[in-house]
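So that we are looking at the same thing, I have put the structure below in structure tokens.
Note that the chains take the letters A, B and C in the order they are written out, and that residue 1 is the start of every chain.
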Amino acid sequence: MSLSADIEQPDDPGARGPSKRAVEIVVSLILIGLAAAVLYDSYGRGAGWNGGPESGFFPARVGWIFLAGSLFLLVQAFREPPAIFATWSQLLMVAKVFGPLALFVVLVEPLGIYAAAAIFTAVFMPIVGGARWYTVIATSVLVPLVCFVVFEIEFLVPLPKGPLEAMFGY
Amino acid sequence: MDDFSALLAGFQVALSWHNVGFMIVGVLLGIVVGVLPGLGGPNGVAILLPLTFGMDPTSAIILLSSIYWGALFGGAITSILFNIPGEAWSVATTFDGYPMAQEGRAGEALTAAFTASFIGAISGVLLITFVAPLVAKFALRFGPAEFFAVFLLTFCSFIGMGKDNRIKILVSLCIGFLLAGVGMDTISGDLRMTFDVAELMRGFDFLVVVIGLFGVSEIFLTVEEGLAFKGKKAAIDLKVVLRTWAGLPRYWATLIRSSIVGMWMGVTPGGAIAASFMGYGLAKRFSKRGDNFGKGEIEGVLAPETAAHAAGTAALLPMLALGIPGSATAAVLLGGLMIWGLQPGPMLFVEQKDFVWGLIASMYLGNVAGLLIVLATVPLFAAIMRIPFAIVAPIILVVCAIGAYTVGNSIFDIWLMLLFGVVGYVFKKLGFPLAPMVLALVLGDRAEDAFRQALLGSGGSLNVFWANGLVTTLVVLSAILLFWGPLSDLVGWARSRGQGKPALGAAE
Amino acid sequence: MKALALSAALVLSATAHASAWEPTKPVEVVVPFGPGGASDQMARTIQGIVQKHNLSSQQLVVVNKPAATGGEAMMDIQKSMRDPHKLLTTSSGIYMTPLSTKIPVNWRNFTPVGMLAQDEFLVWVKNDASYKTVQDLLAEAKTASPAMKIGGGGSKREDDLIVFSIGAEAGVKLTYIPYKSGGEASTQLAGGHVSADTNNPSEDVANWRGGQTRPLCVLSKKRIAYTARSRATRPGDIPDCGEQGLNFTYNMLRGIFMPGGVTEEQKAFYVNLLKKVSETPEWKEYLERNALLPDQRFGEDFEDFLLSDEALHKDLMGKAGFLATN
């Protein structure tokens, strides 16, 4: 099984990418794993009928159907006609959004959501491109600021805060 | 017609200058909290509740219920523009609303959604005005078995057709059910499928999953196709409102059907979420253009919005008449009532006439005010589509993250949002339908609870599900709806065979 | 002018130092239940009173963390060691949740601030039911098949424990039906889907006043002290269950905790705040409306209560088989 399937325009590197079949197989394997975990947990707690269904009864039944469905998907995946899931250049674009977003979530814990949002915006906009530097700065300052006013001050909804907010006494 | 004069007196109360002012402020605040995912409905009302402690109860409830109307209207905006349901009940609105926006018909979709909301809400208020005590009594007939039957009916009206890969529909449903089962089990008090991970105790909140599955994944799909929102050429003048209105009378059947479904679900605390899915499912099934649903069909926006709002409004009825909150937001309002020293329940209609009829009158006026305000904002919101992607995308993602956090005040939920964003992206590319997963996630555990409560009570006998006329009717209706698809396929097949034409469905 | 401002600032800071600790940012009140429930109402009532009477320079902010019947809220407080800007409203769940699940929290790691009241539990039946006393109800339960259904909020919680204990004392088999909340149980009772429920007054009073349900007796050693209004019957006229020959009693604390590791001054601020809150007319009205037993305890008094109440729960839950295994 090759991970790359070259179709349509084999000469154009932009049109290459992971094959749909490979992704289908990986997904169905993950689903099978989840189904196994569900069954393990449900039978561990009791999935029988004790004057009515026990707490594991439904998850276990659904788990079996889920397992059967996932196995079927695995078989189906091998019969999938060759096609690509997405081209590498498309995936690169997705990664350009995913990367900064993951960074943002990592930073929420230590820095608080507002500072993290400022950094995220400042990183994201230049990577995606199409915005001038002053727009980038204005957006990355204004968005967290407006959120802060709306949530912390107006609606009294406490969001994660970090050292920066602590300096101002929040 | 004693009630009618009471209602007129109510209009006088509600129409005083300061109450109209509160109404407008409330609707605007509601739109804001409705647009921000995670902050809508119950949270929004709860957050603003303390502001009203100093006010007189009538003004306070007018302010709060206007927030509720505003939030109901506002939930549709992000669903249509960005595929991010601001509220659980606007998930079904994304199915056709977002494709419409992508085609550059955002203004039309927004107008349809707002108008449908208004029609739904007004039918709910009419119900409250004229048949309150009668209908309120009916709600009491719903025990666990009946609740289960209602959820079954919702599932059956939504599923059972579908041209997607059937195994994928099934797997998607299973995932939804299992996600719904994670966390504390109401019936046994056990923690299920948490694998001793403390963060999983809370289970998977519906909104967090949906923000990721629909909203974040949509951004991934958008960048894949070249960093710009489609539908940039959305018309942004107010004429779109009139043009859309001209086309609406054609869909009278859908509007009436959804209103009835919504009122029914609101009164029998089935809820606005179930109502919106059921409204959509039934419209898809009975519409001549059913095959076009999911591709940007205006009927697919009208149906769930009407049903959700009829339900959301009708849900206030059991609260006022019986003191039973029909929805989480109603529960917060109920808490508010008690803080102002009012005791909800049948006596409220007797002891606090001014208050009740003032509130009911404000429902009419609040919805009219709400409709005018949101329609005026249609061009504004449609214009958002013209802002460059590089600016809008980070704002959407930050707001999504805040929304995911506020649902359960947990940073872990932001991670989940990201995870489900990836899941949604992969699933959409592989052709897994997401709607069944979402439906099972919202209603799965409630259906299971009701089923098990019913069996506990009957000592394990399944007879409870055809023990009385009401539950039997519901179960039979569900069965009919479930087999409607295969049956009509069969009929169609037989007919085309009789005419010697190849069967249409055979190739699929 | 500048000098004046400076001296004013000095005076201000001097008084600030002289007086005890005060919060420097909004205080989060974590409620281990959803919006609209009894705990939430208490938190929001306190929030409203503090705001209205200006009892604190900083606002209180209510945050609901209902997951895992309060387990999540307790984990949050456990994690917030030494944070003086966080409070937790509590009920018996403070020991019941850790005992019935494996959630690794213990109130001994928190700082008990004070108990504000105790909640009563009553046996409610449908208004048109034939039962006059709780004994009538139990007599019918003896012959019922399938077993008589009694509703309540949550599984392995207060209501479940009460139903088990009543059944054990009377020697009858009762089926407990857990609903999401006491309010839902009350509605189900009004619809006749269960024969009785064991709600707090606040959870059933709406249906009582509306003529849908009525109380048989209070599961308490004494009758309710309030004598005002509430339809034909006054709460004070409801017999206690002992008068009807059912000896089991149960009350639930309603109190406030802080995270562990806070200083004495910080705790003192909140003790003071709560004392001030409890003196306002709004608070008295709140107590009366929900027929709460006014029972305030602070400091060691509160801690002693917690210890004995926890031991009681451990015993009852052990008998009922609610304790988490392994």
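What we mean here is this: a residue touches a chain if its C-beta (ideal position, glycine included) is under 8 Å from a C-beta of that chain, and two chains touch if they have at least 3 such contacts.
Because the structure is a prediction, the values reported are computed rather than measured.
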item	value
Of all other chains, the one whose Cα centre sits farthest from chain A	C
Pair of chains joined by more contacts [C-beta pairs], A-C or B-C	B-C
Chain A and chain B: spacing of chain centres that average the CA atoms, whole Å	25
Where chain B and chain C are represented by their mean Cα positions, the distance between them in whole Å	32
Rounded Å distance, chain A centre to chain C centre (Cα mean)	39
Residues of chain A touching at least two other chains	156-158
Residue numbers of chain C (touch at least two other chains)	63
Residue numbers of chain B (touch at least two other chains)	43, 185, 187-188, 190, 409, 456, 459
Chain B-facing residues of chain C, complex	34-37, 40-41, 44-45, 47-48, 51-52, 62-65, 67-69, 71-72, 75-76, 100-104, 145-147, 149, 154-157, 160, 175-180, 183-184, 186-188, 190-194, 202, 205-207, 209-212, 231, 285, 289, 322
Parts of chain B lying in touch with chain A, wherever the complex brings them together	32-33, 36, 39, 43, 47-48, 167-168, 170-171, 174-175, 177-178, 181, 185, 187-188, 190, 192-193, 195, 216, 219-220, 223-227, 388-391, 393-395, 397-399, 401-402, 405-406, 409, 411, 414-415, 418, 421-422, 425-426, 429-430, 448, 451-452, 455-456, 459-460
Of all residues in chain C, those that touch chain A in their complex	24-26, 28, 59, 61, 63
Chain A residues within the chain B interface of the complex	20, 23-24, 27, 31, 34, 37-38, 41-42, 45, 49, 51-56, 58-59, 62-63, 65-66, 69-70, 72-73, 76, 85-86, 90-91, 93-94, 96-98, 101-102, 104-105, 108-109, 113, 117, 120-121, 124-125, 128-131, 135, 139-140, 143-144, 147, 150-151, 155-160
Chain C-touching residues of chain B, taken from the complex the two chains share	42-43, 45-46, 49-50, 53-54, 139-144, 183-191, 196, 198, 201-203, 322-325, 328, 331-332, 334-335, 338-339, 341, 343-347, 408-410, 449, 453, 456-459, 461
